[in-house]
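One structure, as structure tokens, below. Some questions next.
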Amino acid sequence: MKIWEMTALELGRKIKSGEIGVAEAAKASLEQIGALEPEIHAYVTVDEDNALKKAAEIQKRIDSGELTGPLAGVPAAVKDNLCTEGLLTTCSSKILYNFVPTYTAEAVRNLEKAGAVILGKTNMDEFAMGSTTETSAFGATRNPWNPEHVPGGSSGGSCAAVAAGECFYALGSDTGGSIRQPSSFCGVTGIKPTYGTVSRYGLIAYGSSLDQIGPIAKNVSDCAAVLETIASYDKKDSTSIPRTDCDFTSALTDDVQGLRIGIPRDYFGEGLDPEVKAAVLSAAKVLEEKGAVVEEFDLSLVEYAIPAYYVIASAEASSNLSRFDGVKYGLRAKDYEGLHSMYKKSRSEGFGPEVKRRIMLGSFVLSSGYYDAYYLKALRTKALIKKAFDKAFERFDVILGPAAPTTAPRLGESLSDPLKMYLGDIYTVSVNLAGLPGMTVPCAVDSKGLPIGLQLIGDCFQEKKIIRAGYAFEQSRVYQEPELAKNVRTARDAAGDGMSGRREPGAARADGTYMGGVYTPDKAACIASDKITGYKADGTGKGGARL
Amino acid sequence: MANVISDETIEYVGILAKLELSGEEKEEAKKDMGRMLDYIDMLNELDTGGVEPMSHVFAMHNVFREDVVTNGDEREKILKNAPEQKDGSFKVPKTVE
Amino acid sequence: MSRQYETVIGLEVHVELATKTKIFCGCSTAFGGAPNTHTCPVCTGMPGSLPVLNKQVVEYALAVGLATNCAVNQYCKFDRKNYFYPDNPQNYQISQLYLPICRDGWVEIETAAGRKKVGIHEIHMEEDAGKLIHDEWDDCSLVDYNRSGVPLIEIVSEPDMRSSDEVIAYLEKLRLIIQYLGASDCKLQEGSMRADVNLSVREAGAQELGTRTEMKNLNSFKAIARAIEGERRRQIERIEEGKKVIQETRRWDDNKESSYAMRSKEDAQDYRYFPDPDLTPVVISDAWIQAIRERQPEMRTEKLARYQTEFQLPLYDAEILTSSKHMADVFEETAALCGKPKEVSNWLMVEAMRLLKENEMDMEDMAFSPENLAKLIGLVDQNAINRTVAKTVFEEIFAHDVDPEKYVEEKGLRIVSDEGALRRTVGEILAANPQSVADYHNGKAKAMGFLVGQTMRAMKGKADPSKVNQIVKELLTSGSDLRYSTEKMKEDKE
């Protein structure tokens, strides 16, 4: 078995036993990155030099017995909306093209404390606004299962990187499904924890009342281990919740006897792809056969979650993103006359169309005369949705449904119709509105060869129940890796040096994209171009990064 | 389309959001916003009478810090990303006429 | 026939609270640091940073609310006020709109027109903005976030005031209450207390309020009084000319004694308030309110009574000493140190008040330490310096907070207690003024006064006048010493 094929916990064990060195593991990931990035573009920044330096340090701390955790020495990737001290953090936006944070997000610090080797920062929809990772200012990420398809979003880079073996696990963020939907599209496992479980300190906010950081990995065990590591009560985040039940790996038991699983009929109606429907229902069967009590029910209010979500998320975003103004960091327009012109030009040049669309909508719904009709109405709807879930969880331990209505669409298909794209969030957004934990576990591959994800939703603070269900289901299935990764490996093995797909670092330096040991997207080209519209049909991702 | 967004509205929202849209972008924005609001108007089907708006899902309250100085001089770090700076300050276009 | 107008005034008073740290982060609130040296990711709006509320801010706000007879909103929240300006790093200010901490209070004021209650509409907590320095050379502005995030309370009055006298009385009352609580030093010049004036005029007897304007940039009581007069005149002129008063924000220029509108087409004045999702609500229990009440320090009325009974001070003196918390503190601390409250009161009532007046200073501006005043009183008490010297020393203490003991030593101001030296000087003075000596012997008692004065001058004031008096008298009547001195002088000359 190749190193990069291992799960995070498998690798962690081998590192602990001394079978595999930390540097060796990091190099395996970097080689995989080198081979696949030209095709996938999962990363905005690969921090090669630093990762290797860190690997050596961590090896020493493991050898000295200081680091003993299950993830010590395991290479990981971090979504580019999490601040990392000294390492470029862009939110995949031109407006932060050069932003180097001076502090590290609490969740990433928790990983570092556990001995993680951070390989780099993963691509995303700009400011996490999107469902395809095509709104990135640095070009779209492609689905490792089929590069003609999107990886989903907004944590598309993290999910694609895990699927392609370009890291062993990754952090994502989920505001309306941004971990669960791309996990479904990329055939990986992802958890959005209960709101308040992982500190948001250092997460560049999109919708503060909805945002949560969570793990993305190859299986449920890895996810549980990572979540256990990143969950912490943080006094720097007022919405952080002190919990004493974060021993998530204790729920990794293949036992669902008596677990009450509810299947909301409203999740299986119009708009759901028949193949997805069949796969999800057969997954429910598997759990039933293992002893779970499966029952259909009416959740209600499902269709109201999307409008309520877009009002709340856009309103919060319009305020959260007002700090990007060319004064303190990031892009400042070159030509302007006076202060307000500087603001307007910097923001208009710096933000992409989807971000502008949501800022405009958010500013409108909060503006004088509309606040009650839109914003308060949405908050009231949120209260009703929460109540509907509360009612459901009186009867069930876990709610089971699809993570997305379809498998991954083709590149360029979704952006043409924003509203249609928003409708794809139907099964995920209500979980954020109600603050619940949700998890995606791969359950099948469709006739096009694209993965299908199963979503498990738990009541607040009941991650363990969904982990139990997910783990039990997983035992019935073998983890499938995407064809692309296999093919590249085959080609590389045929070449015999294990390095054939690797891009030349020198080339990166020559075109000015090599910055202080950090591979970055072609920022110069990005800034020079008048407007960045994300993915172009010709696949070049105008101005975007092609490493 | 039930919601028709006027040029004035787009202009006004642009001022609030500090976004300068081109003519083409403005037309797009009018269309997009109108469509989104039509969709959002679906919420009016719901009877939310007597329902308290829910900002926080959990009834957390009284999260405080003690009044103790914990931060030192971080000026160098704070200014590190400034597009322009002068004399230890962020430099911006003149704010008064 | 000219119409009669009534001026209707409401105030928005911002007070910087005396916390050690900012409202949402652990940065110091100390004044005077180099630009941006009291900053962190939170108060500079760095991406990903989050606010956490300073508990002391709530306690101070509650204390002020209770002392101004407000009702407490036992469930209060923070909202974001969205507007773009470089002194506001997040481009939203965290404030309270929908559920402010206190509501519906009042304070009583007294003016020549009598006593009245001024209603307080609400008190809310919020963060201060940074400072903009305009660089004329470079044609740009520089942003310093040291003040960004310093906690403020905003006290919004009802439109209950009718004259600048009432406004000043209201502000003085608020200042006194807040200073007594220790919630702020309330210095207008330094900006720790700021007032925005909402003013409208209406014809006398009219029921409806006229259109109001809001005036900003008022940093002294005098400026406030002038601005009120100016704005009243401007509004009446407009009305008389048949023009409308426009609801707007105006900036007062105290040098030009006129105001100008702060409007701009980029200023929509639509703040899109909504509850800040990064902060949780503040729930104030009855027990908490009770605890704040119990911790409430002695307020002025109580102090006034205590000064009269405990220190036997006359009402007038007690009123002056308690008219500023700082003055009362200086009085009490000095009295405790030297055990002579009457003396302390005298120094403060006479000399300190004289110097404050001469220097156009507020009581809050007195910067000397009670230790030094106590030492001075001790020196006088031990007869180490005389009263005249003591006054000069007090001026030094007042101006430079000098240690009187050291100062007296260095300047050699201590009373000369060496009787021999004193006798010698008196002898010399008598010898040098034979005419005055003769006058004295001829029954002109006044001549002795002159000789004493001459001696004091020769001693540069360092002699105890009663001692000098005694020796002069003694030598004038004895004569032997006089002879001795006269002879000695002759010898010296030879």
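Here the chain labels run A, B and C in written order, and each chain numbers its own residues starting at 1.
Convention: a contact is a pair of C-beta atoms (placed from the backbone, for glycine too) under 8 Å apart; a residue touches a chain by one contact, two chains touch by 3 or more.
What you see is a predicted model; the values in this text were computed from it and never measured.
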Per-chain C-alpha mean nearest global C-alpha mean belongs to chain B
Winner on contact count, chain pair A-B
Whole-Å distance, C-alpha centre of chain B to that of chain C, is 40
Distance between the CA centroids of chain A and chain C (whole Å) is 57
Chain centres from averaged Cα atoms put chain A and chain B apart, in whole Å, by 23
Within chain A, the set of residues that touch 2 or more other chains is 99, 102, 209, 235, 238-239, 318, 322, 325, 327-329, 339-340, 343, 363, 367
Among chain C residues, those touching two or more other chains are 41, 44, 46, 52-53, 82, 84, 86, 143, 266, 270, 272, 277, 279-280
Note: chain B residues in touch with at least two other chains are 12, 16, 18, 55-56, 60, 63, 65, 74, 78, 90, 92-95
Seen from chain A, its contact residues with chain B in the complex are 98-100, 102, 195-196, 209, 235, 238-239, 241, 301, 303-304, 306-308, 310-311, 318, 322, 325-332, 336, 338-345, 347-348, 351, 353, 356-357, 359-361, 363-365, 367, 374, 376-384, 386, 418-419, 433-435, 460
The residues of chain C that touch chain B in their complex are 19-21, 25-28, 33-41, 44, 46, 52-56, 58, 77, 82, 84-86, 132-135, 138-145, 265-266, 268, 270, 272, 275, 277, 279-283
The chain C residues in contact with chain A across the complex are 41, 44-53, 80, 82, 84, 86, 89-92, 143, 264, 266, 270, 272-274, 277-280
Chain A partner, complex, touching residues on chain B are 9-10, 12-14, 16-21, 25, 28-29, 32-33, 35-37, 39-46, 48, 51-58, 60, 63, 65, 74, 77-78, 80-84, 90, 92-95
Per the touch rule, the chain B residues reaching chain C in their complex are 12, 15-16, 18, 55-56, 60-71, 73-75, 78-79, 86-96
